[in-house]
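Chain naming follows the written order as A, B, C and D, and within any one chain the residues start at number 1.
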Amino acid sequence: MLVVAAASLIQSEDVALVGLGLPQLAAQLAQRTHAPKMRMLLELGVFTPRPSGPSAGIADPRMWAGAGAFGGVLDTLGAMLHGGRITLGLLGALQVDGDGSINTTLVRDEGGRERRFNGSGGGNDVASLSQRVLVVMRHDRRKFAATLDFLTSPGQRVAGRRRGELGLSGSGTVAVVTDRAILEISPEGPVLASVHPGEDLDDVVACTPITLAMPPGGPSETPAPTTGQRNILREELDPDRWYTG
Amino acid sequence: MSKVVGLEEAVGLVGDGSQVALCGFAITRNATAAVAAIIAAGRRRLRLVQVVGGMETDLLVGAGCVTSLVYSGGSLDRFGPLHSVNRAIASGSIEALEYSTLSLSLRLFAGSLDLPFVPTRTLLGSQLLEPLVAAGGAAVIEDPFIGHPAVALPPLRPDVAILHANLCDEDGNAVVTGPLWSIRETALAARQVVVTAERVVSAGSIDPGLVTIPGITVAAVSEVPFGGRPTAVFGEYEFEASLFEEHVAASRRGGDDLAAYLDRRIVGGWAA
Amino acid sequence: MSKVVGLEEAVGLVGDGSQVALCGFAITRNATAAVAAIIAAGRRRLRLVQVVGGMETDLLVGAGCVTSLVYSGGSLDRFGPLHSVNRAIASGSIEALEYSTLSLSLRLFAGSLDLPFVPTRTLLGSQLLEPLVAAGGAAVIEDPFIGHPAVALPPLRPDVAILHANLCDEDGNAVVTGPLWSIRETALAARQVVVTAERVVSAGSIDPGLVTIPGITVAAVSEVPFGGRPTAVFGEYEFEASLFEEHVAASRRGGDDLAAYLDRRIVGGWAA
Amino acid sequence: MLVVAAASLIQSEDVALVGLGLPQLAAQLAQRTHAPKMRMLLELGVFTPRPSGPSAGIADPRMWAGAGAFGGVLDTLGAMLHGGRITLGLLGALQVDGDGSINTTLVRDEGGRERRFNGSGGGNDVASLSQRVLVVMRHDRRKFAATLDFLTSPGQRVAGRRRGELGLSGSGTVAVVTDRAILEISPEGPVLASVHPGEDLDDVVACTPITLAMPPGGPSETPAPTTGQRNILREELDPDRWYTG
């Protein structure tokens, strides 16, 4: 459901820089369904791959299948992203705040001890320079924070300052897609745009500990995955349920 | 004229305290054989530089060879994080300077040309920036043309870069197939380059249009078939999941389990 | 999806007043067929950008299509200088902004990544520098890290780049063999890229490791065998000395001789 | 003689960035005789070629024969030259001054009219950033000037300021080699180090209208070309006398 909901926000015209994990699956699914012309890039230097099966991550050569060209980071994160040619960044997150800023570096327990994760990689670059960004992550109350344990990648605002004032380009995070709901990040803050079929609205809100606005008329229900989408995910893209377990 | 030497001699260019740049990326094209030889040689106080860390980074840190790390993070893709690296940073046993992938690649690009610095718009607004400025690894400046804020990144010129190539000739002209992430910037920024290669051939037998790293920048070449195992080397072999699972389990547990794993693999290697 | 069009339609991306980047170098890999089509289409007030000028530059300037030129000089190697270009600059009929090869390549590199600028140590002390500073094409700044003087070069992003490739697929993935001078920086800096190629093939039939310019940046592709004649195209054909001698003689004399030469060759081409 | 004299100043350890024309021949001759390990680079992206015959210039693919690698300007003039790895620059000149600064852009006639030539190309970069530079040109009194018509490429000083003060690296021009003599450029100015066999010292001095110091004991005689050197030049490198006419 998470992957299907994220894929639905990807457009056929997008030039998408795709991060590790769930974002890969969402991009692959969109490419295989409603957005066949969507062009995918991987930061390590892969242009327009069309992978047909599962992979262990962006550094797994199976993810590079069907690529039109290989290059380097100065081409993908440089000429394409810093050069203003990436319409969509697809990123995972450890934690996200109401501005759509992302933490992928570390979390602190109540005693203040750090537990470290993957760091930025190209995530900070993608968040800083894409025209728009989708965050794709599991819904867990610990993953929503009014103040991030570490602000790896800026969203629409940082400490109240808009990204344009900071010198950044593009819109920043426009939506956070989880396995329970879609949160749109508006200039005024996060809006609970839709909840997924079978989810209880109040419970979703209770599990989203950031200040959340409601759209006029309340959140809609996210369209359910089609059988075709399910089959592609289960049979081709993630048969061993590495990501969609 | 030939630069071909044994692996032990090649990694002899890495001394205690050297700033060593690694060219692997997560689970792909790690110079695991060269890294094992550096560990076996007992090198200490290494200062690592790597755009995206992977197995080679976790091995060197896990083996206690490292005092500092300049990187933009890293992982072993779905197999897990770099446990030894993360633990060493959290405990303060190594110092880490963290960039984004593009900003560190630009520091290495600046190093490769010895540019005074390179300005960028990335990193602005991130908590990554402040510690970089404090350490002299970045400065916030104004664009002299339109007055916008920019992050100036100083050149980075490591002592030695270690690269595992598909093919290399005796003069050091090295061929890397597949995506190149920051390999060229890293190798060209380093004062010396050590190449391990699946195959070493005589000078003049490689199409110059296929060469990724010009031999003129390479100090030593060593033929090491399967020198990237268990990571994936594009055009040669895939990654080996069970060996990553073994690595991650040992690295997560640390202590005696990690020591036993290193004892076993540093001597025995990962080749089939 | 295919970007393949006829040559006339491809060069239709160049309009009157466009800033056009050329990718040839002296007597090698000039997009002469594309340039002839631009001249035949009657384009005017073009603003050219080219790291090292060659026959294509001399043709466009000689045909009166050009109002300005940003370059680092150029020649036809032993066949002589760019007479039409030199005469137009000396007479003031075109405006020229002159860099060195590295500094202009760095401006295009900055353009390709849209970096705020790129600083360098080249150009310091040269008489080239002052007019560049006056025109806003360079600024002398202080390195924020060690306080040394540096030349800041602003990004350059031409409207259209024209490149003659050996091979290209329908999606625009283009293969250039041999040395690359500033081709990648020039093409990636441009907002649109037009590729003429000796051979155009279906999507997916080129090894992605051989691709020089990713198709995602290319707007139009046209198959033009011998589209680089009489210049040398590495891997395809050598330059043709007699045709260079003809060009240089006409370009040196100018006036009616040049007009007659252009009439003959713009329509007839240089292919055998 | 010019080419032989220039070649004699090239060392086997040199990593040389080689300009158009006579410099190419000098580099090729040195590589074929006393400096077999000398590594040559051409600005357009050619590493370590070993051309065996004549060529029409650096953009003639025949000059790229035997290359170890191809790359671009950011590799040759960038990583190698700006990166500090070029020990020797070999350049031609329209005009040279007593500091070894070079004009390749234009000359003015007595009426002040400009005649323009090739411009800088990579010449300014090579002169600005090589550890040392040799200028190779024909001996003509109009080619020596106290004040250049245009200073394209800086030598050891510009308007009295040393290159280090200007922010440049390396020594700058250390010698000007002509078809009549070798001028060394010392920190104090040009020294007539040697005149070629058969040349009249006074006439050479008269044809060199810049302030010229003499070495202790006077200029030596440049060693004459050997038969081997002559044969390589005449039969292999420049059989049609494009350059050594």
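The rule we apply is simple: a contact is a pair of C-beta atoms (placed from the backbone, for glycine too) under 8 Å apart; a residue touches a chain by one contact, two chains touch by 3 or more.
Remember, it's a predicted structure, so these values are computed and weren't measured experimentally.
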Work out which chains are contact partners of both chain A and chain B.
C
More contacting C-beta pairs: B-D or C-D?
C-D
Distance in whole angstrom between the CA centres of chain A and chain D is 57
With centres defined as the mean C-alpha position, give me the chain B-chain C separation in Å.
37
Determine the centre-to-centre distance between chain C and chain D, using the mean Cα coordinates as centres, and give it in whole Å.
28
If you average the Cα atoms of chain B and of chain D to get two centres, how far apart are those centres in Å?
40
Sequence positions of chain D contacting 2 or more other chains
67, 70-71, 74, 78, 82
On chain B, where are the residues touching two or more other chains?
115, 120-121, 148, 150, 178, 209
Who touches whom among the chains?
A-B, A-C, B-C, B-D, C-D
Chain C residues touching chain A - in the complex, by the definition given at the top
1, 112-115, 169, 171, 173, 188, 203-204, 208-209, 211, 213-217
What residues on chain A touch chain C, complex-wise?
15, 37, 39, 41, 47-48, 66-71, 74-75, 78-80, 82-85
Touch list for chain C against partner chain B, complex
115-121, 136, 139, 141, 143-146, 148, 150, 152, 154, 177-178, 209
Note: in the complex, chain B contacts chain A through residues 25-28, 51-52, 54, 71-75, 77-79, 81, 86, 89-90, 98-103, 105-106, 109, 120-128, 148-150, 178-185, 232, 234, 238-239, 241
Chain C partner, complex, touching residues on chain D are 20-21, 42-46, 56-62, 64, 67, 70-74, 77-78, 81-82, 104-106, 113-125, 128-129, 150-154, 158, 161, 163, 166-169, 242-243
